[in-house]
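I am attaching a structure below and will ask some questions about it afterwards.
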């Protein structure tokens, strides 16, 4: 972790890095369904950079709220997250918009992810005798089943990037191949995983996680060391551009107290 | 049969759903409708009928449309006689109870010049709702045992996997284009309707494209001051057209009641001469005027004034 | 028809009679789903007599409107019918309230009724080659399938009271016996038919229409003559009390122009 | 399994649904809840939580409740530790993202003292909706392929009779009692909520009985001036209780944000001492005060003032 630490110390931390790299993936004019914290910050950053017409939906039941810098809502089911929205609607109805195909991106986190992009936010250990009962799916299962493209932002650690999640709360590509579609999940699928080390996509047929690009200073070996399964490493690996000063400035205006962009490794 | 989920989603996914202005002319908006499309109209009976949109659609000589609406009134006659549609999906079809059974509708249906596909009011509503929810059907407890059932091959019966009871399944209805009239809409397409909502929300959610005609275009700022009044979100909408009095001679809640005198005039013509009377009406009131405003000029100002005074009176209490 | 005509000439007409006899059936504190015209007038009359807490629902999407005397709405899908309601809601949702069991009475008319209370408002003649294409079910099929008790008000004529309706738009007891329940219509059922001659209910097991009570001046023979099927005539027949002056006064205040209470036989 | 249609209807049919005043005390209202009932709470997470109703329910020592809510926050801890429920149906259970995973919830679930029945957010919403619609199930496209599915015997898979695709069926959820907090309600029970609607409308429609706590009781005249703002009709409601600040320390849209300082205090106690900390909290804030107003007296006026100022600010723009 030495290098990352040094790197982040110099100009930005890992949470900021993930937020910026996520924001860059979001295209203008699209609809994104996300949670509070990292997804929200990435969206607002994207809006202020290249995607002014990006619209945020929250499961609390709001379409396109205006988020005030420095007043980030700590939940998506409350009035700060609803401020100056275009529409308030019931939780069920806002989630159904995804089932209808209106949502391009779902943006999630999770306690564990596996090689097929499945996420766990329910149980650590055996579900019948869990070591930790986690809070649960919330809307994550719905989002990952229905939104067209799923982004997952996580800190890259071996205990989080596991061969098989203890429990599939939220479907990625399930057991790989066409198992997702066969299970009845004919729409959407996991699109990118963004960690503090790099960007990851999924092999088009096996659906196994694959390194797409490394962030500045990160190494392939570091990715492998911090992954609990065999990460696919293609011959050609991309390299992301470092966060710009403008990206960092906007990000820090949004979250001046670093409530959501505190470094995970600090 | 309901369209496939894949196809329905692709249409939505390929739309530009970003926050962008969509204000255009009535002519431009109606160009979004293709011959052969399934067009669903909002409102109900003689209320919040998207009359200006239908008027323009007839002028643009659209053909072979499937036309669906919760209850069809005089606008249905016009569409049949103008030969814009030969297939109407509704639950009730005539100008209104006090005016008798439409002679135009009877002619076209009895002579087999057009199909009137009859669903119950609620089952049609549930069809739009299933369409808006992105599911292929919704179970219900109506239509069972009736003679409507065997005439509708898309209506199915099932044994409930939970309770074992008989249920009717109504299939999703996903129109190609929705035409909806509202009181207030912003330039992006955020609709804030007043009064009776009818089936408009579900129709908007179910349709591939949505055309909104509106009494007033309000600012997005005003929408954001009361987001809990928004009934249709901007990204479901493809066109916004400002058309004051866009329902006349039908009504728009809080803005105007029907122009009953013009309705009486139309119905007398239609019931007296049948389809020929409707043709006369089309020539005079639809094809001849150069614009919707010119059409409004042909009505009596005193009648519009009375309709407006009565319409606004719901806010007087 | 002599007697009826004389009777109506003297004090009230047949439409007024039907409105008043219908109103008397409506209990206080109940919820009624009805159409414009006769149902509406009966409800408001009941509210002003014995049932001040009777609530009217319209399929246009309104709960409990205030109806102004002299300003009766000509449709149930418009703003006059919505005036000063407790709630406006979508057509589908107001109809679903019935499916949930919230509606005690449905109040209908029809072009034809048969011995099992089935109603036709779709076709006169063969459905594939109809003599008359009628306007259709509207919400009638929904109401008759779902409301707890159905009232039907009709003018008593042989061509309307038929052995078998040309088309079952709106289910009564279908083919009688338990055929309604077997078809999946486990709730509700037709409760009373109100004509200008009398009140009619249905035999508890055969579900055939049965004379319950005669209105003042009406005779059993008159009922039989004007009915196109064998009406059950029990040994004991009730007799309704004539309309009171108060009932007539209120009714005429409601509909001063007799738009909905013009005599069918005048 | 869903309750039978006959049974569900009978409960509704036997209610006095006439227009009548239903204003009563919090104590009287909560007497409508029986031990063993399924109680559904409105709002979501720490928003529009019917906290006063839950507080009174705990004080009345209700037992063996099934408790359902779209997302459960601190009120869920209180219900578990007070042993009012051993069966929680929800999609997410903890005070809030910034406060970590509830130690109280973990203790009760991990030690098998209670069941946490986990449904996805939308599938729980659809369960209430099916309940409100009077149908035994709704089809959907979520939960498929997940490990949640096999843990829920009531969740079924079916092949769509129209499209042949795999669908999940979620069964209707019909609670015995709904407890909902709103901003405005008239004496008859006509509810006019503001801001985010959450799942309240469907919960009211699905439940046998509905208890409304409200910031203000408004006149029926005011309701009738804007009937299109009514979110729950009077005849679904059995009790109306005026409880200003009835959500604290949670929030009520447009009226107050959460009392974050009290939330921090509670979470620190709960995370520090686990269920014992919650017991301390119950003794001090639930059992000890003589009334809800006495409980409010224990909070800091400055905190309530800040929450109120921030809460009202949504109407400042």
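Letters are used for the chains, namely A, B, C and D, taken in the order the chains are written, and counting of residues starts over at 1 for each.
Simple rule for what comes next: a contact is a pair of C-beta atoms (placed from the backbone, for glycine too) under 8 Å apart; a residue touches a chain by one contact, two chains touch by 3 or more.
Predicted model, so just to flag it, every value in this text is computed and none were measured.
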- prompt: Where the contacts of chain B and chain C overlap, which chains show up?
  reply: D
- line: Any chain touching chain A and chain B at once appears in the list D
Task: Look at all chain centres (mean of CA atoms) and spot the one farthest from the centre of chain B.
output: A
Task: State the pair with the higher C-beta contact count; candidates are C-D and A-D.
output: A-D
Field: Centre-to-centre distance between chain D and chain C (centres being mean Cα positions), rounded to whole Å
entry: 41
Message: Between chain B and chain D, what distance separates the C-alpha centroids? Give it in angstrom.
response: 37
- request: Take the average of all CA coordinates in chain A, do the same for chain C, and state the distance between these two points in whole angstrom.
  value: 60
Query: Quick one: chain A and chain D, Cα centre-to-centre, how many Å?
result: 29
Query: Taking each residue of chain A in turn, which ones touch at least two of the other chains?
result: 62, 82, 84, 88-89, 96, 99, 146, 186-187
Chain B, residues touching no fewer than two other chains: 5, 134-135, 140-141, 165, 167, 195-197, 224-225, 228, 317
Message: According to the definition already given, which pairs of chains are in contact?
response: A-B, A-D, B-C, B-D, C-D
- prompt: chain B touches which residues of chain A in the complex?
  reply: 28-31, 53-55, 62-64, 66, 82, 84-89, 96-97, 99-102, 104, 146, 148, 186-187
- prompt: Which of the residues in chain C end up touching chain B in this complex?
  reply: 35-37, 59-62, 74-75, 77-80, 82-84, 88-92, 95-96, 99, 122, 127, 130-142, 145-146, 167-171, 174, 179-180, 183-187, 259
Statement: chain A partner, complex, touching residues on chain D are 44-47, 70-71, 90-94, 96-98, 101-102, 105-106, 109-110, 116, 118, 120-123, 125-126, 128-129, 140-148, 151, 157, 165-168, 195-202, 251, 253-254, 257-258, 311, 314, 317
Message: Applying the document's contact rule, which stretches of chain D touch chain B when the two form their complex?
response: 1-2, 4-5, 134-141, 154, 156, 158, 160-163, 165, 167, 169, 171, 194-197, 224-225, 228, 317
Field: Complex interface listing, chain D residues touching chain C
entry: 5-6, 8-13, 16-20, 132-135, 188, 190, 205, 220, 223-225, 227-228, 230, 233-236
